[in-house]
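In what follows, a structure is listed as structure tokens, so that the remarks can point back to it.
The letters A, B, C, D, E and F name the chains in turn, as written, and every chain counts its residues from 1.
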Amino acid sequence: MIETLFNSLSSPMVLAFVLGVFATIIRSDLKLPEGMYLGLTVYLLFAIGIKGGVKLTHTPFVDFYKSGIIAILMCLAIPIYAYHILKRLAGFDSINSAAMAAHFGSVSVVTFSQTLVHMETNNIPYEGFVSALLAIMEVPGIMMALYLAKRNQPGEQETLNSQQEILKELLTGKGFVLLIGGLLIGLASGDKGYEQVSPFFDAPFKGILCLFLLEVGLVTGRRLGDLKKVGLRLVLAAIFIPILNASIGIWLASFIGLNVGTATIFGVLCASASYIAAPAAVRIAIPEANPGYYLTAALAVAFPFNVTLGIPLYYYFATLLCQ
Amino acid sequence: MIETLFNSLSSPMVLAFVLGVFATIIRSDLKLPEGMYLGLTVYLLFAIGIKGGVKLTHTPFVDFYKSGIIAILMCLAIPIYAYHILKRLAGFDSINSAAMAAHFGSVSVVTFSQTLVHMETNNIPYEGFVSALLAIMEVPGIMMALYLAKRNQPGEQETLNSQQEILKELLTGKGFVLLIGGLLIGLASGDKGYEQVSPFFDAPFKGILCLFLLEVGLVTGRRLGDLKKVGLRLVLAAIFIPILNASIGIWLASFIGLNVGTATIFGVLCASASYIAAPAAVRIAIPEANPGYYLTAALAVAFPFNVTLGIPLYYYFATLLCQ
Amino acid sequence: MIETLFNSLSSPMVLAFVLGVFATIIRSDLKLPEGMYLGLTVYLLFAIGIKGGVKLTHTPFVDFYKSGIIAILMCLAIPIYAYHILKRLAGFDSINSAAMAAHFGSVSVVTFSQTLVHMETNNIPYEGFVSALLAIMEVPGIMMALYLAKRNQPGEQETLNSQQEILKELLTGKGFVLLIGGLLIGLASGDKGYEQVSPFFDAPFKGILCLFLLEVGLVTGRRLGDLKKVGLRLVLAAIFIPILNASIGIWLASFIGLNVGTATIFGVLCASASYIAAPAAVRIAIPEANPGYYLTAALAVAFPFNVTLGIPLYYYFATLLCQ
Amino acid sequence: MNLVSLKLVTIIALDALQHKLIKDIKECGCKGYTIAEVEGEGIHSKHFTDWEGRNIKIETLVKEEVALKIMETISAKYFDKYSIVAFISTVEVLRKEKFV
Amino acid sequence: MNLVSLKLVTIIALDALQHKLIKDIKECGCKGYTIAEVEGEGIHSKHFTDWEGRNIKIETLVKEEVALKIMETISAKYFDKYSIVAFISTVEVLRKEKFV
Amino acid sequence: MNLVSLKLVTIIALDALQHKLIKDIKECGCKGYTIAEVEGEGIHSKHFTDWEGRNIKIETLVKEEVALKIMETISAKYFDKYSIVAFISTVEVLRKEKFV
């Protein structure tokens, strides 16, 4: 575990994230061009999708369906218990608890990518269908959390967005479309097709992830200032919930017989907090929620925790629980 | 033919185009950053130019000059007959017929790129000078069509742009400058120079083309709505004209003894409709023309037809007509 | 020397620069997307930093410290003598002399990159710590020049920016942060970490540099018009000062026993004129200075001179002076 | 020349509201609009990054009644819950018929 | 402080017309201008992608005579054939001499 | 509906001055602002590329006293040395309390 922890902390990606945070702290004028965040996101999502699709062509469906079921189960469960932990234990109001629960219920593409890199660097084998799990786990948790938010504002005048409209927006969101679209393209074009585009979608993936993490670091740095305002209870909650999610996830994974690598990745998916789909949905669906809470929890606490200590920790859990 | 058709339809590029169209249809918020289209265009043009230039260093001039002549002939002929087909057979007015003729008279860099990828995937050999043909065929067809437009508005008060000004704008346009500039750079720096930059301009080319086609798909999708308005005659014309262009082109190519691959590519160049130079020129020179016609014909009909059914079809023509 | 000169002039990078200049001269509409310049800058700085850091892990510190000392010496000396040359010999006023001196006192990342490419193409070995020299030499020369500017405006009402504020801005500027940050990341993650990201930061480096030089050419072209206005004295000064800087630099390098390649690179660093940090600092600190002078000197004269004739010339100096 | 007065309505809001706002102003009778990407800071929030959501500025030239109707609609539908700023200024145009 | 009234002329047009428009307004006597990239929809067309051509917004501070001259020139040269919108508003500046 | 008059202050300046300008206008009492990236040409200089420095346009809705104070501050601190343009226009808003 110490060695994987060290590998994790000294990887160029994690260090680039740290550089980004540091640059914001010293008030550097460093920033990436405006479209770059969007461009890199599109690249990562599409690359993950297409590569995942190609891997799925080598996976028997039977291996995959059990994982799909526990993935959906976790997505529905996480927002519920996270909501109650945040409201009862951490003392947030209903609206903000639901907003944060939406983030924990969904998944982070960058955390997932960093985990794959970690697995490959440490030669830990994993199943090809994990990208499909990523796609499956993006939307349901957010929907569940928004439902909780709504149930707790009964006196509300009709809002702009019905539950159904939001679901439509999530399913047509770029995150979901690119992942699913990429998966299908990978499935349809197979190894032969992937060969053609892999010099662009595979070889430079880690380097581009590195640049992306620099950007995430810059944004996280700006959120660090909010940490003082929001107080310790947010920090503790945003570390406790991921660990809990990962533990339950890996425990379920061991039940259906996933191997250590796959179980770790599934744990990370459960632990990770969304930063594309959830903020966008919450902004529209529960505009009263304070981004000082939900963005800070997802970006400034859960994300750095997961990519540094989290991944090696969940791997350790997986080695204990899975064959 | 069936096999190349299948290869064509299941290539990641074509599928990415389909994904883009689909994303627009389901009203996804997926979009690429604003500068990306421009950035990818610059990349494609420059990469094609420089690679073509290097290949030209291996081509005896005598092999090239006959193709150059039929290329220019086709560029001058296509707008004339396309104009009359559109006006007489399809019933469009002079202005819009000329605007569409300008698009068919010029060439599409993306269609060309996709054809090269297709040739390489199916191991079909072709001559190195095809990129030079692409460069040659960009401007003349547009000029011819604008001349037709002008001749048919005799009562017009003097417009902002004389024919000469437009020609200057086309020859200094980014499409022409990057292609010709790239060709010259490739010629001057040769294999040794190209080696240095090929990991950027060669290896990821297909992957970047894939992203570009996603973007083209997104734009095409928005044009699909216009298809209903413009009616069947536009659709039929925008499929018939490319097939006719390709047939004549390949027939001429067989005359001067081009091999199957090169003849196919020349056919595609004749068939393809411009989407960089022509829309920009038409917007300024014939602003009365309706983009609902010319963009729809070029992007929503001719382009998808060419990259899916067109390429294998023209290849089939070439196998019949050439050696 | 003739051969390296020829290699230098026919490299795709130099030719791309020429294409950019030419495109501006013929008033082409060619331009790169707005964010691209920033994006490419971030890429180059970070790539140089991280690669340099990895190389530093193989360099004994003792080899490096002497070079560091002469680097700082040169940075402090260049602005002083450049200022006096510009003021006394070339007849510029104090403000503009100081502004130009700031540019000559700092370094150009693109010129440096082009030099590395040149070294590698011609198989000339050099020490790994040159990237660290680049980082060291960015800031001190600018500070020295701004100090000179201030000393010569004694009657000035207190300006917006004290010397200290400017120093802070330079040290937190993206140039310095990315270079130093990259170096530290390279140092910390070592060969093993670099391996992961090198397909993105190493392989396509030259190609991306090529695109960047196209952009630099476009901007330079716009400055060429100013050349006539500013007159011959600016042109002569902006060629003479780099040659002088390189000569002194290489002479010092021969004293501390650097090999030919490293001495050449050091000479180029001394000769090159900043185009990221210096213009930004001068704009804020000495807004009265005329960009028609300092940008023209740095971009339209010193830069093209250095990347074409300069590099082979300094290499020739180094072969004469070093072992 | 025949310059006539019209109202220019400016709306600054989260980019995610773009489609809804466009629909609303069209329903109020606007015939065209121009959109720019902007960043901003207000009492509620900062909007400088994609995580915080970008802002857009919508400008539309309309006649006075339409301007007032837009202000009313926007204020009723969005002012309570969303970060949104809207104001009206008076400008002079040629070819009024294009806009009304 | 000495605030004086000036006119702000705003022109929204296809980006391909940029050079021509700049030339025209300079000939009318404008001494400076600011350009922003925008998107838009009007009676003629949508301008949201590079295929459809982007729009630009040119703003220039000028004195009243120049403003009127610009409106006249633009309307004569472009209004018939091109998608273009132009309007004048009144603003107050310091240092009038910079702009007239 | 209750439309009230407010002042819209527009400042066009080098992007490098952004942080200083924001600090200044906040000190004058502004509670929010919107920033757009623009390009421009004036008597001093062109700002079309990153080498020449980009321009920004800051717009802030404030009450008249604040507007005047901003104009005074900006003019005293920047007008002599920096390329900067500032002007005031009058607009009508709802919910005045948000801005004053």
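As a convention for this text, contacts are C-beta pairs under 8 Å (C-beta built on N, C-alpha and C of every residue); 3 or more make two chains touch, one makes a residue touch a chain.
For clarity, every value in this text was computed on a predicted model and none was experimentally measured.
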Same vs different contact residues, chain D with chain E, by half of numbers used: different
Chain whose mean Cα position lies farthest from chain B: F
Chain at maximum distance from chain A, centres defined as averaged CA atoms: E
Whole-Å gap between the CA centroids of chain D and chain F: 20
Centre distance in Å when chain B and chain C are each reduced to the mean of their C-alpha atoms: 41
Between chain A and chain E, centroid-to-centroid distance (C-alpha), Å: 46
Shared-contact residues (touching 2 or more other chains) in chain D: 36-37, 89
Multi-partner residues of chain C (at least 2 other chains): 33-36, 38, 203-204
Contacting chain pairs - touch in the sense defined above: A-B, A-C, A-D, B-C, B-E, C-F, D-E, D-F, E-F
Complex interface listing, chain C residues touching chain F: 34, 37-38, 159-160, 219, 222, 275, 279-280, 283-284, 287-288, 291, 295, 299
Contact footprint of chain C on chain A as seen in their complex: 10-13, 15-16, 19, 22-23, 26-36, 117, 121, 203-208, 210-211, 214
In the complex with chain E, residue positions of chain F that touch it: 10, 12, 36-43, 55, 57, 68, 71-72, 75, 79, 85-89
Sites on chain C touched by chain A in the complex: 33-36, 38-39, 42-43, 46, 50, 169, 172-174, 177-178, 181, 184-185, 188-190, 193-194, 196-201, 203-204
Parts of chain D lying in touch with chain E, wherever the complex brings them together: 1, 3, 6, 8, 22, 31-36, 61, 89-95, 98
